[in-house]
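What follows is a set of notes on a single structure, which appears directly below.
Letters are used for the chains, namely A, B and C, taken in the order the chains are written, and counting of residues starts over at 1 for each.
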Amino acid sequence: MAYQVTMPQMGYDMTEGTINRWLVEEGTRVERGDTIASIATDKADIDIEAYASGVLRKILVGPGGRVPVGAPIAVIAEEDEEIDEAAGALPPESVSAQPPSAVPVEQLEAPTLPAPELAGAPPATPLPDWAHRLGKDVEAPEEPRPIPAGRVKASPLARRRARELGIELVQVRGTGPEGRVTADDVEAVARSGGLAVAATAPPGAGAPVDPTDPSEPVRPSRMREAIARRMSEANSSIPHFYLSTKVDVAALVQLRAELNALQDPGLPRFSVTDFIVRAMAMTLQRHPQLNAAHFAGGVRQFFSSNIALAVAVPDGLVAPTLRSCESLSFAELTRRAHDLASRAKSNRLRPEEMAGAHTAISNLGMFGINQFAAIITPGQGSVLAVGEVSSVPVVRDGQVVPGQVMEMTLAIDHRVTDGAQGAEALGYLRWCLEHPAALII
Amino acid sequence: MAELTYREAVRGALREEMLRDQRVILMGESITGYGGSYAVTKGLVEEFGPKRVMETPIAEAGIVGFAVGAAMGGLRPVAELMTVNFALLALDQIVNSAAKFHYMFGGQWSVPLVVRTVSGFGQLGPTHSQTFEGWFASVPGLKVVMPATPADAKGLLLAAIRDPDPVIFIEHSLLYSTKGQVPDDDGLEVPIGRAAVVREGDDITLVSYSRMLLQALHAAEVLEREDGVSCEVIDLRTLRPLDYPTMVRSVGRTHRLVVCGEDWRTGGFGASLLSELQDRSFDDLDAPIARVAMRDIPLPYSRRLEQVLIPGSQQIVDAVRRMS
Amino acid sequence: MPTNPKTNRTGSRPTSRRAVARQLPHGLTAQQCREMYHKMVQIRHFEDHAAEAYAQAKVGGFLHLYIGEEAVAVGAIAAAREDDHILGHYRDHGYALARGCDVQACMAELFGRETGICHGRGGSMHLADAKRHFWGGHAIVGSHIPIGAGMAYAMQYLEEPLVVLDFFGDGATGNGIFHEGLNMAALWNLPVVFICENNLYGMGATLAEESPVSDMMIKAEGYTMPAVQCDGMDVLSVYGAVQQAAEHCRSGKGPFFVEALTYRFRGHSMADPELYRDKEEVRRWRELDPIPRFGDFLVQHRISSQQELAQVNEEAEAEMLEAVRFADASPWPDPSTAARGVYANPIDPEAAQEALTLAADPAPAAS
């Protein structure tokens, strides 16, 4: 029976071999165990032997030929036996002498690159990033990979909590080492409602990027960077204290409904926030200790009620200033407020409209937030955080009746004023809102 | 319960198991007349005779190879290697013989062998002050036990002798004279492969073993008192197989972890533990896992140098403070 | 040892055969001699097919052939009780077959198949068969020398009348573990026969390059261990030496050292270009081939005829072809079983935790 002589494996690390010379000529009889050729591996020259007895009928690979282990190199057969000399083809029962590539041990073998790629042909798929660091023949990318700016340093747990709570990490002020956002920080933001609490990551500072991090890269706008910078500064430099109160706004809601029901084209459509701005304008006049802010030289008290109104915009948050609110009628104040908000959303505010306020109002009631606390903007002395109007049972004149309540939290710079004075001011603010008629005269 | 030293607890386990099982033999260098370098086997040759308590030549590889053969022949050998530094001479027998036979020979036989050895330091110089538990723990086929308390030393040694697999049982020279309550019941095992939460806490998890457990407990007290930080302290007891579930559960509550060991920082046991835990507990971590380990320096002889290099409770306290 | 059914078959000349057998050395019977010849031939053919399978890349890793040394394993193991313990080095196919291990399982082990004698976990260098007291090929040179001493201690301790045959090469005598093992065996008077196969080479190092003495038996002297040298190309010489050694050990006189002067006809491993020895040397040793030599002995002593010997060779060839077919057709180990058997008593802390949790729950009502 014809026997296919293959390039033998002569060592576990041998993958191909070269024929040095044949030690027997074609047509010579050989016995199993006879030395028939000398081959060269990467390590040495080795004589190889016949594993079959018969006539060396055909040499398929001559001296100098280099072939992989398992490739046919000769045929041994009986003298008169028919063989396909060119291919060294064999009857089916001899097919078990397979080259190693046919041995089904795929899972044990390291994957090898297909030959065309090794030969320098363009790969079918783009090379992975790491390939750029290997081999000189791979073009370096034109620019170094940009490190996404605004990458927030946060613990894995904080990231998980932020995902669960739907909070963007960039909004969270980190209290851990080097400003790392911790889970507590995220939860604090969640408790306070999320907005107006800004991030600390030094924007664009190039914090190292973990390429394996599954989070979405945040591409901050300049505004976001500004918010980040200012709020970071504020939270770390301003000693905040917080006062919270609940306001019975049933009368306010009633009055607002009546005013809006007038459908007077000369009047704007009033929102709850508009009433609060008006009330704040009056409070700043009545309680000037609140109309103050801390500066490098100390505390400065102001005369005008200049109030910043936080407006959520796609990029983040802006708080344009309503100036001299105390001198404007309720309708005029409201028209200006609406104008500012509208231009804020279309990014048409003038620079001077972004400054000059001494306090601010942020209302997240429309987002269903009950209560939260906000960070004071540097240059201001306080910030009022307003929650939603909720329907609750209230006791009025000894009777439980349906009522409407709104929670407010006033954050105050402790360097500007203290708790008792703040409480007085907040009390007045509440009184105004609970007696809305006073607001529209 | 009785109050015993760690040394007495180890000796007690050996003695009890020798009384219970005739197949148990001890072998080691100077373990008979001398009583053992750390006096653990004192008195045992008088009680059990030289056939069961064998004085060996100073030949660590030979001792372990011999013990492997004795185990294959049906005995339950407990080989003492005077210190873990000398165990390096026996590394081939431990790794290529004891750890491999059951798997490599297709499960035809196992090697019920205990290698007792000792970590520790105390002005012994660079060749005698090393900790290699990480090397042993990296070898599939070995079980590695490193008890911190007398009760665990006794219970785990009993479990180790009865186990059908090779167990590397690493004692600590600085623990031998520590005392603790040990159950009286003869033969009460502490199961291999189970960590113990030895102090409960909420803010941070300290994982340690052997002598470092005592350091971690001390650090936990300091942190509680001075910083109001509540530490959960875990004693691994067994380094292979390692009880990850207990650690993962703890980190799931505390979200912070410090791995404390005496091994070298590079490639030490804590490094692989840390790597696995960052994988398993990634989303529970609120800070990078901190590690207290030996600096990558041979431990020098001079007391002054040794003092600053050996990790202790202060390094643990510092690590915790850096985290929060 | 399993009886060869063929030996009871020939009824024509029983008387004359028995008469000859009485004159055989070492008290050997004709049947034992035929059995030894059969084993050597089996080993030769097994190795031949292992080499072919290796060349075809069906066998991987390292392959060390025992061709030329067959008389050592066969003579020594035949001289021992069939339950005496055997430990060998990595050139271990000979011990397995001499001890009667399943030929197909051995071949399948080389092929890395689940049907292998170690389920494909050990490979060529790590054959073992505990039920036949063959405790393995050991691939770290010398490592099994103290292990053999330890097993011998267990026999002594448990008062079992078994001895240990511990095979190693001349190369191992340069390793510290050799001396540690011999030292302990002598110190404690243990029933172990150390059998040094002196084949003149420690891999590619010549004896002169690796040892200050060319007779390995001299090294036993420092341990006051009796030692003999035998002709490792003569199965009867090996048989006689090991028989004497085993009796010595079994009678409680302590260890014994046997040096068998032998030669491997093939390279150290398949990858060996054999640059360190010349072909003339190999040719001269091949003239001492233990198989035809013992065949001549059998014929001269009328134990076997030439035809019978030819038949033994043919049967062995057929047996090995069948073993290769079996190995080739055998399944690969299931990758999902890769982790099985790392421990005899696997302790899984994850599972332990589950068990604890379950235990803590109130037991479900029996249904």
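Note that in this section a residue touches a chain if its C-beta (ideal position, glycine included) is under 8 Å from a C-beta of that chain, and two chains touch if they have at least 3 such contacts.
Please read these numbers as outputs of a predicted model, since none were measured by experiment.
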{"item": "Most centrally placed chain, judged by C-alpha centres", "value": "B"}
{"item": "Between B-C and A-B, the pair joined by more C-beta contacts", "value": "B-C"}
{"item": "Computed distance of Cα centres, chain C from chain A, in Å", "value": "64"}
{"item": "Interchain centroid distance [CA atoms averaged], chain A/chain B, Å", "value": "43"}
{"item": "Distance between the centres, which are taken as Cα means, of chain C and chain B, whole angstrom", "value": "39"}
{"item": "Overlap residues in chain C, where contacts from two or more other chains coincide", "value": "none"}
{"item": "Residues of chain B defined as touching chain A within the complex", "value": "255, 282-287, 322-324"}
{"item": "Interfacial residue positions of chain C with respect to chain A in the complex", "value": "48, 51-52, 54-58, 60-62, 112, 269-273, 275, 328, 332, 335"}
{"item": "Residues of chain A defined as touching chain B within the complex", "value": "155-160, 176-177, 180, 182-184"}
{"item": "Touching residues (chain side chain B, partner chain C) in the complex", "value": "25, 51, 54, 56-57, 59, 61-75, 77, 92-93, 96-97, 101-110, 140-141, 143, 163-165, 191-195, 241-246"}
{"item": "Chain A - residues contacting chain C, complex", "value": "6, 8-14, 32-33, 41, 43-46, 48-49, 51, 69-70, 96-100, 103-105, 107"}
